[in-house]
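Data first, discussion second: the structure below is written as structure tokens.
Going in written order, the chains are labelled A, B, C, D, E and F, and every chain counts its residues from 1.
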């Protein structure tokens, strides 16, 4: 049994020394906040719509950083957003989870039908970015520039006077279409997958 | 009046993938004919088997992947892969050798990556190396050149050997096949002979191995034509041949009894085929001008290292694959200086 | 001197740890999606591997051998490695959060990167001395990093290729690794 | 203050786990050491018997061993030689030769040679050759290794004690020449060594450790 | 390096230099230069888009029904990077609204429509006598007020280019008369027929920029233009060194950066401006417009347009009023030939295809190219890139076009930018030589516009985040305050205050519902 | 996390989150030793055993461990387990030990073991951890065996060769020679063959998954179409 004792002592002491070293390092190299959350949050579109299943973009960012959420849950961010996340986190690109979180739509803004609006301020309270102007009992308007299109104001409106309309295209914001549709090696991809 | 719209530029040149590939095939003709002349019908049998398997495999894969078959086959790249693979095979290989090699080249090395343009490795060389490491015996069934052969197989006899494995009565395959000059040097050096002794044999010509030197000259000629036509750029062949030459020269100068002469290296094995036809495969080679030089030189040096000290007599295929592996990295580090970004 | 050079050539090319010896494959597959991360991982592994090769040598030579506890080799080595890795992880976490985010999952995996324990055990098996152990560890790591970086660059290219859907991702990556290993067979016979 | 406690706690924790783990391993080891040694001896005996048939000797082969150190044979390590006697007449010697140049490092061999210089048998003790390629040298994987029994330095002549590829008579494996080459070379060297030193090796009484040491020094 | 910022190596114009790559293209210019320059009559209706330049659109200063005169300001510049728009003829404003404009998108944009009264009455204005008495900044202002933008294609406001900033001394004025694209010959005709206008304009610009040297670069396939300019320069005895320099015909030598490289050996820094290396580059037509603006006090209301291609019967160069629907130009050239298949604005390498000929000529319309299928066959289906590197060899920006393509194709825009996507001048050389017939330039345009869109989204997201965060903060604060107030109130008696609030909301709801009901019922509002 | 369903764990280990095919862990032993079916089986059994034990132990001690010593503690546990198994086998199952001998030290560095300890065992209760170890082990073994069989058949034209090493004399004639006079496709046995083989197996799995994912959609479409 002396062999056992020797072995235990030798390794135990080695381990103890290592333990002390690690314990010291844990304090010496302590990391306060996780800057990765900020970086993830900076990629998210800040629509604050909650479609990802979290209470806004930052909570979702935190969930991603903690490894609890997939990176493909934000429809407003679309493919580009997922790509940016995959890039940041060194993961593989995965297509948007449309089944659970919805499709990526073009940019929309809310418009309040000023004829109907009763000025109840409920939409103002719902809007996460303060994009709705108006005082109680006066009709409200949406500042188009500020509206992120999150649709959060639709639900609370008691008189259904808010509509989402697509932002019209103009030549300065027009985007060249990708020529990919015409490539012969992907020409019939749609039929292949259909 | 309403018009259809397209994106600029609306003009386009005469360059075309199909034209490119057919040009390369044409350029390989002199070498092919010389190979047939020196090494017999087996060369052509391999060619037919490899090319038809390549085309068949490509068509089958395209159909399975639901890609347009006819247009894609029309570009001739599959046929070219088969041609180059066949040129690398020993003339007495049984039929399944070119077939298996072609399948590997097209299915694994090319189509699994998405087909023409996407494969990181040279398909023909993948096919060749797979065969080389898997069937070392079959892959050394080289023929002696024309005049050195005791007997030559006719076309029918060659076909019988390739397809059925039968030889005319009284001949054994070991009797009619012969090791290549590079192989001979490698094994005999291992037995302690000096190069002068080894190269005294009749199978060595004035430049490389007898017969081999002519085939290499044929490919050099074709390669020159490709350069002239602008199908390939000078960097890769120059880097390859230059790298090989300089390495060979250094060691030859140091010890000419164990290291063969630079010219011998340039005109042996697959040196010229490799330099002008294989290393230049645009898809798997480097694309930046400086990168191409690095790529070529890298292949040249690796060929020499493998020939001189490695386990295989000729290293062109391995060297090409090894440098293929480094291509994305080379490309990354040899980006040209962009207009307006300092320096001259 | 030549002897160290031979060890280097052998470990980097001829007996490449990843492609020929099959060691360290998990990080090889796991962190090779991007060139930059691969480079980072290569550096991290080189550091850890060299260091742990030396540390294991010391532990073996001055702790286990004198006490006749060779049967505890595996435990001791893995402990040494784990601690070296953990220490590195904390330092990286503090000094480079981004590198940490990228390598985070894989730094702990370096512990079980077979290559690290493999090097330690092989050192004993081949009876390497101190310097030889260090060179062996370093060479193995350089070989690992080399193929990792080349592989990552290829994967970046393959990622945008028209790979048939069932083959996308890990499948084509493994096939690529296979073709790389095929190419590395060209080095057979260079050393030994 | 709490920092120190934290550090201390980590140390103690790791110590505890190391201690528990080690003690489990150590206890198991102590418990089974003898069994293992017995197993190993048994395996060794079985292997020796494969190299030289037990009918040919009557001494305790396992104990009757000497160590010699010859750089050519043992790759720098002492080589154990088991000596077989039949009624005190030397019959054969079994060398634990090492082929240092295997594909993946050293291959340890058991080479039995009788007094006439004829190989009684060869077995591989340990190797790290590639499964599926070089491991055909194991008796369980192919009968290649059997091919040495009955051969001697004259059969074939020394210069043909090589693999075919090098101009010898022994087969190499397809795609793996290095391993067989290493093994053949090691056996040839052992034969040559035995040829030269047969007298010294066999013609002495069963040694005790000290004597064996002296012998080694004499070499 | 230099002692003070902006000091460049000495100008050496003694020899020509080369730029990387480039293409020899068929020229196809003869058809349109066979006949002399003609002036197209004013059409009955003009459409004047508010944005014919790079920058902010102009803002209308007229209303529907207003009577305007030729040269009258109808939309003023909005912001710094902007220029005004002037009426091209006299008449009545009949509409201000969205009209299809010549743009690759085929979209409509705001425009002012003027119905001509046929009189072409100009606004009253007094031409300034001697520009030399004017301050450079006054000259710039006049050029701006004249609505002058680069007529070479990009349409960048000219006055900005003339204001390089105090730290960038300009030592060379470059006139880009290369006109390297096939088919186009409007600058050629201008230089042949009106060289004195160009030279006068150059003098004005040299004064405005305070430079002593000007080089006019002209491709050597335009000997007549070179001769005409040389004669004019020789007859000119004013101060200042003006040279006419023939350069080899090689596309795209007319690219500003390439021309600068050819003539001076200098390179415009990546993402930089010619002014950074002491050069200002202008197109001859722009210079001529400056001459008109300063000497005759005429704003930019007309330009020369090449109408050519096998799709029109009689190709020619026409001087036309800005806003003229393109149909009139085609008619003036004998109409379409039977096989006409597409119409381009600009040349075949850089121009874009138009959907219709009802679009107006704008300040940047240098060429209308109507072609048949035989002349410009429809593009073949593209195949995958084989990495042949041809594109690398011809790219004048020394980029790796195939790499840019791979990244654009994979939508890896960060990588595309790493490979200097924004240094691509969209010259089309790469696509021209590509054996796989890839629409490379479209990929680059796609990637560029996509990156810009992402940039805009980014900015929007940042604003949204700030607003969201400040809102969160505000809510927090309010909650705290309310809690405090509540605490204070607790002591006081609680009344049905809340109830009354709720009642008010309820009442409002009822009212709204009623209104909506009637709204939905009435037929005219049901849409 | 407390609500882990056992069928779910089993499905994960065997298919959905298979350590070798999906997580790509434990690749080194997987590729290195699968030259034959029997080799694969041997390693599979040894690995499964280790996974079960280490998962259980790690789960049992999970509350004690601080983040900075987590990894060292886990590897200590694993290494001790493996060494104990190794020594015991050496002593009491010597025959088996000789066969599996080379595989056992390899297990210590099998990434899938520490991977499971980290990802599952350290967050779950004992029974779940045990099940997970079993499922993962079996999933891993399944891949080992498949790859081994594939490489053996293609590389040598045999199957179950050398079964007697594992099953004793009983299995002496289990070895099947599938193709007589087969030349042997050496590639399958060499390292490149291992990589390519695993790549192909993963592709087959993906194909099956895709087919499966598509089928319900089609079925649903079929239902709604006539309506």
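Here are some notes:
By definition in this document, a residue touches a chain if its C-beta (ideal position, glycine included) is under 8 Å from a C-beta of that chain, and two chains touch if they have at least 3 such contacts.
Which protein is which chain? UniProt says B = Ion-translocating oxidoreductase complex subunit D; C = Ion-translocating oxidoreductase complex subunit A; F = Ion-translocating oxidoreductase complex subunit E.
Predicted, not measured: the structure shown is a model, and the values here were computed from it.
Of the two chain pairs shown, D-F and B-E, the one joined by more C-beta contacts is B-E. Among the remaining chains, D is positioned farthest from chain A, on the basis of C-alpha centroids. For the pair chain A and chain E, the distance between mean C-alpha positions equals 37 Å.
Spacing of chain E relative to chain F, judged by their CA centroids, is 64 angstrom.
Separating the centre of chain C from that of chain E, both taken as means of CA atoms, is a distance of 55 Å. Residues of chain C found to touch two or more other chains are 71-72, 75, 79, 83, 86, 90, 157, 162, 165, 167, 169, 172, 175, 179, 182, 185, 189. Multi-chain contact residues, meaning those touching two or more other chains, occur in chain B at positions 7, 65, 71-72, 108, 114-115, 118, 130, 133-134.
Shared contact sites, meaning residues of chain F that touch two or more other chains, fall at 32, 66, 68-69, 72, 76, 79-80, 83, 87, 186, 190, 192, 196. On chain A, the positions that touch chain C within their shared complex are 6-7, 10-11, 14-15, 18, 21-22, 25-26, 29-31, 34-36, 39, 87-92, 185-186, 193.
In the complex of the two chains, the chain F residues touching chain A come out as 66-69, 72, 76. The touching residues of chain D, when paired with chain A in their complex, are 3, 6-15, 17-19, 21-23, 25-27, 29-30. Of all residues in chain F, those touching chain D in their complex are 32-33, 35-36, 39, 64-66, 68-69, 72-73, 76-77, 79-80, 83-84, 87-88, 90-92, 94, 98, 151, 155-156, 162, 165, 184, 186, 189-190. Considering their complex, residues 21-22, 24-29, 31-32, 68-69, 71-72, 75-76, 78-80, 82-83, 87, 105-106, 108-111, 113-115, 118, 190-196, 198-200, 202-204, 206-207, 210 of chain F touch chain C.
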